[in-house]
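Heads up, the next two complexes both have chain A, just with different partners, chain B and then chain C.
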Partner chain A sequence: MIGLQILVDGFAISALYALGAMGFTLIFGVSGVLNLSHGALMVTAAVAAWAASAQYGFGSYAGAAIGVLCGLVGALVTYFAVVAPIERSKAIPRAEKEIFVLTGTLLWGIMIQQLVAYFYTDNPKTVLPLIEGVVELAGVRTPRNELFTALVCWVVIALLWAFVNKARAGKVLLAASMNPRGVTLLGHDMGRIYIAVWAIYGLLAGIAGVLLGMFLGVSSYSVGPLTASAFSIVVLGGLGSVTGSLIAAYVVGYLETATAYLVSPAYRVIPALLLLVAVMYLRPQGFLGRR
Partner chain B sequence: MFDKVGRSLSAAVTATLVLHAPAWAAEPVKIGVIAEAQSVAGASIPQAVQLAADEINAKGGVDGRMIQVVTYDDKSSAADAVRAFQRAVSEDKVNLVIASYVSEVVLALMPWSARLKTPLITPGAASNEISANVHKDYARNKYTFHGYLTSHALAQAVCDSAKETLVGLLKAKSAAIMSEDAAWTRPLDAAYEECLPKAGLKVVEHVRFSPDTGDFTPIYNKIEAAKPDLIVTGIAHVGVQPTVQWQNQQVPIAMTGVSGQATSSTFWANTNGGTQGVLFDSVALPDVALTEKTIPFTQTFTKRFGGAPSYAGYMAYDATYYTAEAIKRAGSTEADKLVEALEKTDYTGTVGRITFYGKDEPFTHSIQYGQGLMTSVLGQWQSGKQVAIWPANVATGKVVLPPAVKPAVQ
Partner chain C sequence: MTFPLRGLLLILPLLVVAALLPLGVSGYILGLLTVAYYFAVFSMAWDLLFGFAGEVNFGPTFLIGLGAYGAGILNNRYGIDIPLCLLAGTLLAVVGGLALAVPALKLSGPYFGLVTLVAVLLLQNLIVVFSDLTGGEIGLTVPDVISIDADTNYWIALGFMAVSGLILTAIARSPAGLILQAAGQDPVVAGALGFNVAKHKIAAFAVSAAFSGLAGGLIVFYMGTASVGTLIDTAVGVQIIIAAVLGGRRTIVGGALGAVFLIAAGEILRPLGSLSTFVVSAAALAVILFVPTGLLGLASLRRAS
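On to the complex of A and B.
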């Protein structure tokens, strides 16, 4: 019984982790940017969805769409206002650009967090779920919303996979993550590829944020933990590897759920962090890392 | 060089003294407010103090002295609160500080209130430790006033209300305690363990969880496995998430207790109605006339700030009024005289009759709990409204069962 509960609960939360981390790793793979405003973008999407449906009366579907749109816009603004100027800057030495991008996105995330808290208070909010009610899964009472979350996550992940591996534009992205110079030589404009990848990232972060808002709820306090959790999943899976992040998300999700059930809810994140430390020692490139 | 600085400093000091002396009569009473401006519970504190100050000033102030409010945001951080307190006393020269709903913050401020000999009133922190510290070292800590109920009294109110309204209705015989791990819930849980059995509820499960918990599914499953008839909560840092997940998962157990966020009027929107049927303990509710002052205050506050006050808002409003009265009685804002006058407080405010426990009682300087003094109200969220269930003399409705709870058959 408890095993089944862990199986069911862990599945949805892991799918959500995977979706959150995938965009994060995609950006790193293609443009080498670690976006530390990741959590802030997810929270923006969730709070926008909440505000649109609960405060301004747009209904739950329109609210969710507005939330995802805000995630997309937020990601593009992050790219054009924070990341691109740093990368273009001649005043910053090439070797220091990475650290500038890290600091820039971190500060950007804090600014978003404070704005959200200022306008909508730091109280947690939950987005109106699109589907309500519960179903019995082999004796485990599971909210339909939880199944819906897992389903949407997997559909989006499958679409992403199909796009990257089958569509021509997607193949260019994949190639760009492997060898940017080669892609440029083939006549593709890296600038446009970056915009495309940030747009995809924005959609993924937006969907993950809205789903998180429906499933667990978010507040401006979630910004730090969300970035940290995406970061540790991505490091565990191997920086830049989308499949690695997917595996790592499931390892972390199930480890946390099992700890919460078998040990205590108070310690749920500790084993995952210990695993991260162990992986850093034994296999610093992560499960499927290339760099 | 040093001589020069010294001379200009002493010149400045002399100038200040000379300038200030003749203005003594009309010198304002300065109240410092340190609170959590971004959280719903904390944001009401400076607003309520300002509202009370404006009302008092409109009627001529305190013996002709106007009340001036200086506010500081502590961002829920004890370190920021301590810095604000130091600044309030040394730079802004406040006479008294009203601070915070977070017990950890107030406990950090207490030693500073003692060191800088500046009275401190908390309008919302619950930990027993606050008033217990005053009792333990009265001479030192007497400057702190616990302008709210202790966790011990809050637990008592929850048990009293459960016994009178829920036990019979739900045919409840057992309860599970579910609390966040924080300073205020340790004494609360201890008091629950003691008073729930006396109310006829055997404690079959006791879960304490980290305040940054996001997924409550395992917690509810653990509680359900123990088959309690009632969940008794001690939550304030969390609220929206456990409530929504309780509803989404259709946990078939009614929930009562102290839920700080549920007292806020925005809780229905924040949970998208997930709070339907949730019972919670509160010092006051917007539509309940605990005294003749409750409803006028709620209305004025709502009109001015666009939302009903949080529980700490009621307490902060009353604190400003009884402070003004105490200054009148003391005829001075001098700290020791003010403390002595505050101890004699007997003021009927928005939440009931406010009096403080004395030096010899275990919770010195905490508001006295009891019928005819200050009790709390058991409220329930019903279709977007907070309905008062208990005590009977102020009730505005009856308990309804939460959507997933089946009526007791026996």
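On to the complex of A and C.
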């Protein structure tokens, strides 16, 4: 019984983790940027969806759309205001760009977090779910919203996979992650590719944020943990490997759910953190990393 | 690189003014500055790793927390004297730092950063889990404090900051510090020149851990309490990083200036409420984008041109 409960709950949470980490790994794969404002962008999307539907009287569908749009805009602003200037700066030595991008996006995330807390307080907010009600699933009472969350996550992940592997524009992105110089020689402008990747990332982070807001709720305090969890999952799976991130998301999601049900919710994150440290030491490139 | 002699001539008057402050300033401001001086040591110790060894340590508070809780628990549970507690806390921080650094330095860049971040999260969780020993989320209270006199506490913090700054600067400017800097900027070339990169980085980590741990222990015996929120939370670590970057990395002293500036700015911006953190972070981001060398770097640039 409790096994089934873990199986169902873990599936939905893991799907959400996977979607959250997907954009993060995409950005790293193509442009080598680790975006530490990731959690802040997800929270922005969720809070925007909440505010639009609960405070300004838009419907729940319009609210969700506004949330996703805010994720998209937030990601593009992050790229143009923080990441691109650091990468173009001549005052920063090439070898130190990575460190500067890490610190810069970290500060940017804190700024977003503080703005959200200032305008909408730091109380937890739950976005009105699009679908309500409860179903019995093999004896486990499951909210429809939970199934909806898992379904949307998987559909979006499948769409992303199809885009990257089948569509022409998507194949360019894939190629850019493998060999940027080759892509440039073929006449593609890397600048435009980066903008496209950040836009896709913004959509993914926005969708993940809004779903998270409906499923578990968010507050401005979620910013740090959300970034840390995406970062951990992506590193665990292997930086830049989308399949690796998927596997890692499920490993972490189930490990956390099982710990919460079988041991105690207080220990929820500890086994996943220990696993991460162990993998770092034994196999730094992660499950499916390329380096 | 600024000249050590000229740097000393600039800093000495500042220190003298700082030492005379208790004669004319209220106890409230002294209290703020005392905390700022301990934070200054955190930032300077962090700069040794980031500025010189080129390693982003997202977990300065892991080392601070080990020193603070190590010292605090010994005093709280076993009533051991403060100096011994401080020594034990410092040793614990060094041992913890080495346990973290030796395997982690095989990793580079973001991987190293992540492991240090995870160390903080783990420590935070463990403190909450073992709450009967550590006081959990409420915090740990120590029965002994260094002094109840605000002036004495202030002078101890100031002296500690000055001595730490001097030692750290000396290390950074020594031949070993130069090797460290080379290893941070280009580990392959530094290795090819015959320097043991890993050994120097591990030594830097141990030194950084020792100062972080000792400062962490001292701040516990100054405040009389230790809690996750004030010493270990990742937000505290971010403050330390902001201070070091604002002041100017690869300068050591910059971390101290940044820490005092941050605490002063937080106090002046207090009327803004929660927006004060926003303003401070925005200022730090602006420094990173437009003056990547920090405030001190800006000053030395002026002088050079």
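As a convention for this text, the second predicted complex is superposed on the first by the 291 of 291 C-alpha atoms of A that agree within 3 Å, B and C clash if a C-alpha of one lies under 4 Å from a C-alpha of the other, contacts with A are read in each partner's own complex, and residues count from 1 in each chain.
We adopt the following convention: a contact is a pair of C-beta atoms (placed from the backbone, for glycine too) under 8 Å apart; a residue touches a chain by one contact, two chains touch by 3 or more.
Quick caveat, the model's predicted, so the values are computed rather than measured.
Which partner does A:Val251 reach: the first (chain B), the second (chain C), both, or neither?
neither
Just checking: does A:Ala18 make contact with chain B only, chain C only, both, or neither of them? Give me first, second, both or neither.
After superposition on chain A, A:Ala18 lies in contact with neither partner.
Looking at the overlay, does A:Ala117 come into contact with chain B only (first), chain C only (second), both, or neither?
both
Taking the superposition on A as described, I'd like to know which of chain B and chain C A:Ile270 touches: first, second, both or neither.
Only chain C is touched by A:Ile270; chain B is not.
I'd like to know which partner A:Met42 touches here: chain B for first, chain C for second, both or neither.
After superposition on chain A, A:Met42 lies in contact with neither partner.
Where does A:Ala54 make contact in the superposed view: on chain B (first), on chain C (second), on both, or on neither?
After superposition on chain A, A:Ala54 lies in contact with chain B alone.
State whether A:Arg141 touches chain B only (first), chain C only (second), both chains, or neither.
First partner only.
Where on chain A do chain B and chain C both make contact?
Of chain A, residues 117-118, 122, 266 contact chain B in one complex and chain C in the other.
Quick one: which bits of chain A touch chain B in the complex? Just the residue numbers, please.
Residue positions touching the partner: 5, 9, 13, 53-55, 117-118, 121-129, 132, 134, 141, 143, 145-146, 216-217, 219-222, 225, 257, 260-261, 265-266, 268.
For the complex, which residues does chain B have touching chain A?
Residues of chain B touching chain A: 38-40, 43, 181, 207-210, 212-219, 221-222, 238-241, 244-245, 248-250, 261, 264, 266, 269-272, 274.
Chain A touches which residues of chain C in the complex?
50, 54, 56, 103-104, 106-107, 109-111, 113-115, 117-119, 121-122, 125-126, 128-129, 185-186, 234-235, 238, 241-242, 245, 273-275, 277-278, 281-282, 284-285, 288-289, 291-293
Which residues of chain A touch chain C in their complex?
Answer in residue numbers: 34, 82, 85-86, 89, 91-93, 95-96, 98-100, 102-104, 106-108, 110-111, 114-115, 117-118, 122, 224, 228, 231-232, 235, 239, 266-267, 269-270, 273-274, 276-277, 280-281, 284.
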